[in-house]
Amino acid sequence: MSIFNVNPVTVDDYRRLARRKLPRFLFDYLDGGANAEATLAANVNDFDRYRLKQRVMRNVDNIDTSTKLAGFDAAMPVALAPVGMAGMYARRGETQGARAADAQGIPFTCSTLGICSVEEITAATGKPIWFQLYMLRDRDVIQSLLKRAEAAGVTTLLFTVDLPLPGMRLRDYRNGMIGTNLCSKLSKTAQLAYSPRWIMDVGIKGKPHTIGNLSEVVPDPDDLNEYKAFIDSQFDTSVTWEDIAWLRSIWPGKLIIKGVMEVEDAQAAVNAGADGVVVSNHGGRQLDSVASSITKLPAIAQAVGDQCEVYIDSGIRSGIDVVKAVALGAQGVLIGRPWIYAMAGAGEQGVKDLLATFQNEIRTAMALMGVNSLAELTPELLERV
Amino acid sequence: MSIFNVNPVTVDDYRRLARRKLPRFLFDYLDGGANAEATLAANVNDFDRYRLKQRVMRNVDNIDTSTKLAGFDAAMPVALAPVGMAGMYARRGETQGARAADAQGIPFTCSTLGICSVEEITAATGKPIWFQLYMLRDRDVIQSLLKRAEAAGVTTLLFTVDLPLPGMRLRDYRNGMIGTNLCSKLSKTAQLAYSPRWIMDVGIKGKPHTIGNLSEVVPDPDDLNEYKAFIDSQFDTSVTWEDIAWLRSIWPGKLIIKGVMEVEDAQAAVNAGADGVVVSNHGGRQLDSVASSITKLPAIAQAVGDQCEVYIDSGIRSGIDVVKAVALGAQGVLIGRPWIYAMAGAGEQGVKDLLATFQNEIRTAMALMGVNSLAELTPELLERV
Amino acid sequence: MSIFNVNPVTVDDYRRLARRKLPRFLFDYLDGGANAEATLAANVNDFDRYRLKQRVMRNVDNIDTSTKLAGFDAAMPVALAPVGMAGMYARRGETQGARAADAQGIPFTCSTLGICSVEEITAATGKPIWFQLYMLRDRDVIQSLLKRAEAAGVTTLLFTVDLPLPGMRLRDYRNGMIGTNLCSKLSKTAQLAYSPRWIMDVGIKGKPHTIGNLSEVVPDPDDLNEYKAFIDSQFDTSVTWEDIAWLRSIWPGKLIIKGVMEVEDAQAAVNAGADGVVVSNHGGRQLDSVASSITKLPAIAQAVGDQCEVYIDSGIRSGIDVVKAVALGAQGVLIGRPWIYAMAGAGEQGVKDLLATFQNEIRTAMALMGVNSLAELTPELLERV
Amino acid sequence: MSIFNVNPVTVDDYRRLARRKLPRFLFDYLDGGANAEATLAANVNDFDRYRLKQRVMRNVDNIDTSTKLAGFDAAMPVALAPVGMAGMYARRGETQGARAADAQGIPFTCSTLGICSVEEITAATGKPIWFQLYMLRDRDVIQSLLKRAEAAGVTTLLFTVDLPLPGMRLRDYRNGMIGTNLCSKLSKTAQLAYSPRWIMDVGIKGKPHTIGNLSEVVPDPDDLNEYKAFIDSQFDTSVTWEDIAWLRSIWPGKLIIKGVMEVEDAQAAVNAGADGVVVSNHGGRQLDSVASSITKLPAIAQAVGDQCEVYIDSGIRSGIDVVKAVALGAQGVLIGRPWIYAMAGAGEQGVKDLLATFQNEIRTAMALMGVNSLAELTPELLERV
């Protein structure tokens, strides 16, 4: 980047800012993916396989990017994805994300493993948010979490199914974030020493760094080793579709299954009573070498699109990617890393600006494709290369 | 580039010279494309998908590269594309381009948004030029523009249809060219300070920097923010093919529709009375992620080639690209960035030299393909890879 | 690699450590392949052509990575490949490899051309190992080698068929390892001078550097020229499948043919009485420009998979690669360079850690693919890109 | 390249040596290709599209790389291609090349435009060589050249058909080799000043630098401008297959047509009485963007292989490339740049060493493919990727 590039615009611009500000292990935890990061790369690159069609001389004076996402009146087909420990990337990060989402008129999703509790987040905007859940071995914790979410006004539950156990994100081992040997400890100290601004702003003033929704259960989430130990012990590898049916029976709101990559599983989700599915490989953080989510979207939208809402995440980096996803059958998209990069790099305003850029990109692409509404974005307006 | 490379030859050589001379934001405005610049890259790279056939021992003693372009007797099937604000890239740039085109025997196109007015340009050579038009909300301005063009001897009108609104050229945001915050202003000042030669030659001696054809309408085009504001307010997103029919009815000369990428739209242009179409994505500056224009040419030439003249622009960088376009059905090509790079890097002589190289490349390729006339360049002489 | 990367994790991490520690010619001999190293690269890259399928909400509480490899109860479907002169890469390297393999519960293969003899290796662990054999012109040597192996408790013989003559590993010529001119000698001296730690630890304390199994036959294996001369004179280019039949008749244990790339040859191996084949191009060290072994596996597994065990080596770099090989029909895989990099870079512990990572990767991938046993890994769980 | 790489082995190694020794414009003239050098790159890279099959346990004790090339008993299916002005790359370069070819038992081809005359070259070895001819407008010169060649013992004539006019090798313009402006002259002087060794060894002691075979016709070939002017005036763009028939009638020896890329032209060559054709695009120096010669070989070998001998050149860089060409139907290959790089970089010995490496590579590949003779190399032993 030239020294003359003074205003961040794209996700990648914010990524660069975030890299400069964050301690290395936090940046790596955010930025990295599982194993060789093949899926991480494919998620982004495979959007290039689709080309938009340019159509001209159609009256495009009434472009409307708004839509309904699981009942939410959204200004555009985008929601902020659940990101664990967002509050480590900016002071009380989840509240910043929620305020930015609210300002731009899109849903915010609270992670099971966020720093701020669901109550702290909804208090920040006074608006309903979405809530993401992992299945824990202790079902009482689940029940009480859902009660709290309902009480806080959550209408939509994203249940994440692609994390029976944590993926192998090798950067975390390599940089010493996971690991308790001497090298790991020294490295972590050095990495912190390189980020004085973060230490003051987030490390000290952003406390407490407990996991808000589970503060009684997980002791000290500053330490990724504890965090991982908790997941290893509490995350339930024996969950099946029957547990979804149980969830369905106790949760009154919308239920969306996040982490589906095969038609068969999407169908099973519908059969278990889901209102929607998110085609997702967890941003390439779980099974490495699985296909990109965009290449999996069309078949799933085709198969269950008339029975439930189909969402997608993993690799969306611009409004043009959003247009492609919608044209391939998605009701909307979730973005994960993009909003964290923007928040870590430029705060709440950064998230707002990035979302505004997304919306501009959607609007401009629609104009040049000759459509006024999202409903007109059909597969015929794409080409595969 | 080695220090021993002393003579610029290719478009890329001139591009390097231009980069050195121009203030950064002007270079970026010229060099960049919309969003991720995927189409910008594809425009150039996709020419590589076609291979020429080498044929030997055919008498090639009478090679003739000349042709007719919308009635213009051209020395080769190439025209200079309309480029807004060319006069910011060299002193009274449009007149330099027109003189170079005239010297090499090809058409020059005056942009709606040029620095020099159509009258100033035709005065420079005393020869007819082409004129490019954008639809403005104020149809009176349109009518008076067309009258002026006709009076100045313009015979051919290129009506540009792919700019209902300006594309998102992110470099302009990033480098502060668009944007009024403090960073943007400081950056712009710094960029100018790095280009003393340009300041004297173009910035001062090249004045006035108003938009010649619209000097009463747009106040201060030095500032891209004003320029963009004008486009935002005046450019008409509600234009349809019916407006083309209206244009057709008031313009007596040739009418060519620039910015068509789909067969359906090419057919609509013909139905509206166009004498020609330009297959173009505006050099990758409008809808990013649309296909390259060269991949769209064959189907359009096939569909409407016998009803009107088919032109192409976007990504042509050598005489070999021209040969490919002609073999795929183009009557001729337009080049945009190439002539501006050459002019900014090496003045009027640079444009002439570059055009001479293009013609040499066309002639040499024809000789080695065993043909003497452009008419012999058929799709059978290409291979797809 | 950032300075904050303190813990090696992947094969590539260990490779970097090895490069720093080893004299250049030894590293090159290990790291390089034949000629232009096209096959070397393809071996690794072609694993990317296969994608894993993510399947969710299947109970994966009982994942088991264990299997039987030629009768050996292995903790996972991986064995250490035979590597000539492993003892030049770490002090008495073969014994370190054997101990690490034993600790992780997988087979170790002793090369014909190892530094440690088969007796020294089995003494290190007290456990049976595998033995690899090249055909020598002197069949008496063969017979006595097999007797020694049997006596040392070897149960499985890998007979290598892809080395009728040594491949052209050009790095060895280029860096002077092969070659007796002055430049070669000076270069070798300089390379040693750059590796003081290796000189002390392996060069001096790791002696003797004779080829353990053939110490009476090859005089001084420190010098690759002697080594190559021995191979040139003793290796038998006239071997045919009839010699395999003879081997079969004198060897009572399991017989596995290593170096088969065509279905026809795999069938011939079965016909000659082999219990298994290894689909292998010798890690890209013999015939350059041959296909990668992973692309050859499916057809061979299909053709002879029900008549013998099918193994694969060449290019396996992670547990995910192992999962792919198994899904495509392999009973197990051999890894060559990976364990030498780990041993040269981080000693016996390095090999153990790397193997533990492989097993974790296999287990995690199985969980996210929704399977509990290796038998469930079928071609339907892969996609080709 | 590491400092420890002391012995050159591959073509690329010699290329690096040559670059260091030669004045820049001479290196560029050798190394470069036409226009964007797309064909230059494709010539080399497209060999990667073919993979060899590894076959084992076939008795390969009698490998024979020898063959007949247009009646010449050659040690391997390789000949040195005609290279104009080879004597500018090493002192009396053509004689060095001829001696090296003789030592390795392969044919040497004298170019029309060599520094040494055909008589000087044959005198150097006392052996017959091949002679290459361009058609000149002055047919008397042609007749006298053929008489001299016959008298000097030439048995085989390569008639080059792909140079009706010289290709556009842009490096020559860029670096000032072609061009008479001040920049060009200064640059040339500076380039020479950087190569003192070459000035003494070749520039001074290698004189005279006239074109031996045409010394009365072209005045001063040191100057590429003169050289180009001569070609422009003397090279005949009106040549057709009828002129070949005339040549055929006056030349008693073998006649091979060099520069055929289409089946139709190969057939025409046969019809005109040719004994062979060379599938060639002149090493990517003439028509840029034409296909690589290796992709054109199979169809031509298929079509005319039983009526004449089929050769190939352009892009061959190793013995493995030779094996591929032979398997695809070539009787033999010509190499151009490789022998000049070797000679410029390491003298006559360099050429000999490179040729020995080629032969080793052919022999090793044959052994690992399980064949003993070139005749066994059939298309079935290749795979296309």
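We call the chains A, B, C and D, going by the order they appear; numbering starts again at 1 in every chain.
Please note the rule applied: contacts are C-beta pairs under 8 Å (C-beta built on N, C-alpha and C of every residue); 3 or more make two chains touch, one makes a residue touch a chain.
Because the structure is predicted, anything quoted here is derived from the model rather than measured.
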item: Homomeric contact chain A-chain B: same or different residue positions, threshold half; value: different
item: Rotation in the CA alignment of chain A with chain C, degrees, nearest 5; value: 90
item: Label of the chain whose CA centroid is most distant from the centroid of chain D; value: A
item: CA centroid of chain C to CA centroid of chain D, Å; value: 42
item: Mean-CA-position distance for chain C and chain B (Å); value: 59
item: Per-residue multi-chain contacts in chain C, two or more chains; value: none
item: Chain contact graph, described as a line, ring, star, complete graph or other shape; value: ring
item: Contact pairs between chains, per stated definition; value: A-B, A-C, B-D, C-D
item: Residues of chain B defined as touching chain A within the complex; value: 24-25, 35-36, 38, 161-162, 164-165, 167-168, 170, 173-176, 179, 181, 183-184, 186-187, 190-191, 237-241, 243-244, 259-262, 264-265, 268, 281, 286-291
item: For the chain D and chain C complex, residues of the former touching the latter; value: 2, 4-10, 13, 48, 50-61, 318, 320, 324, 360-361, 364-365, 367-369, 383, 385
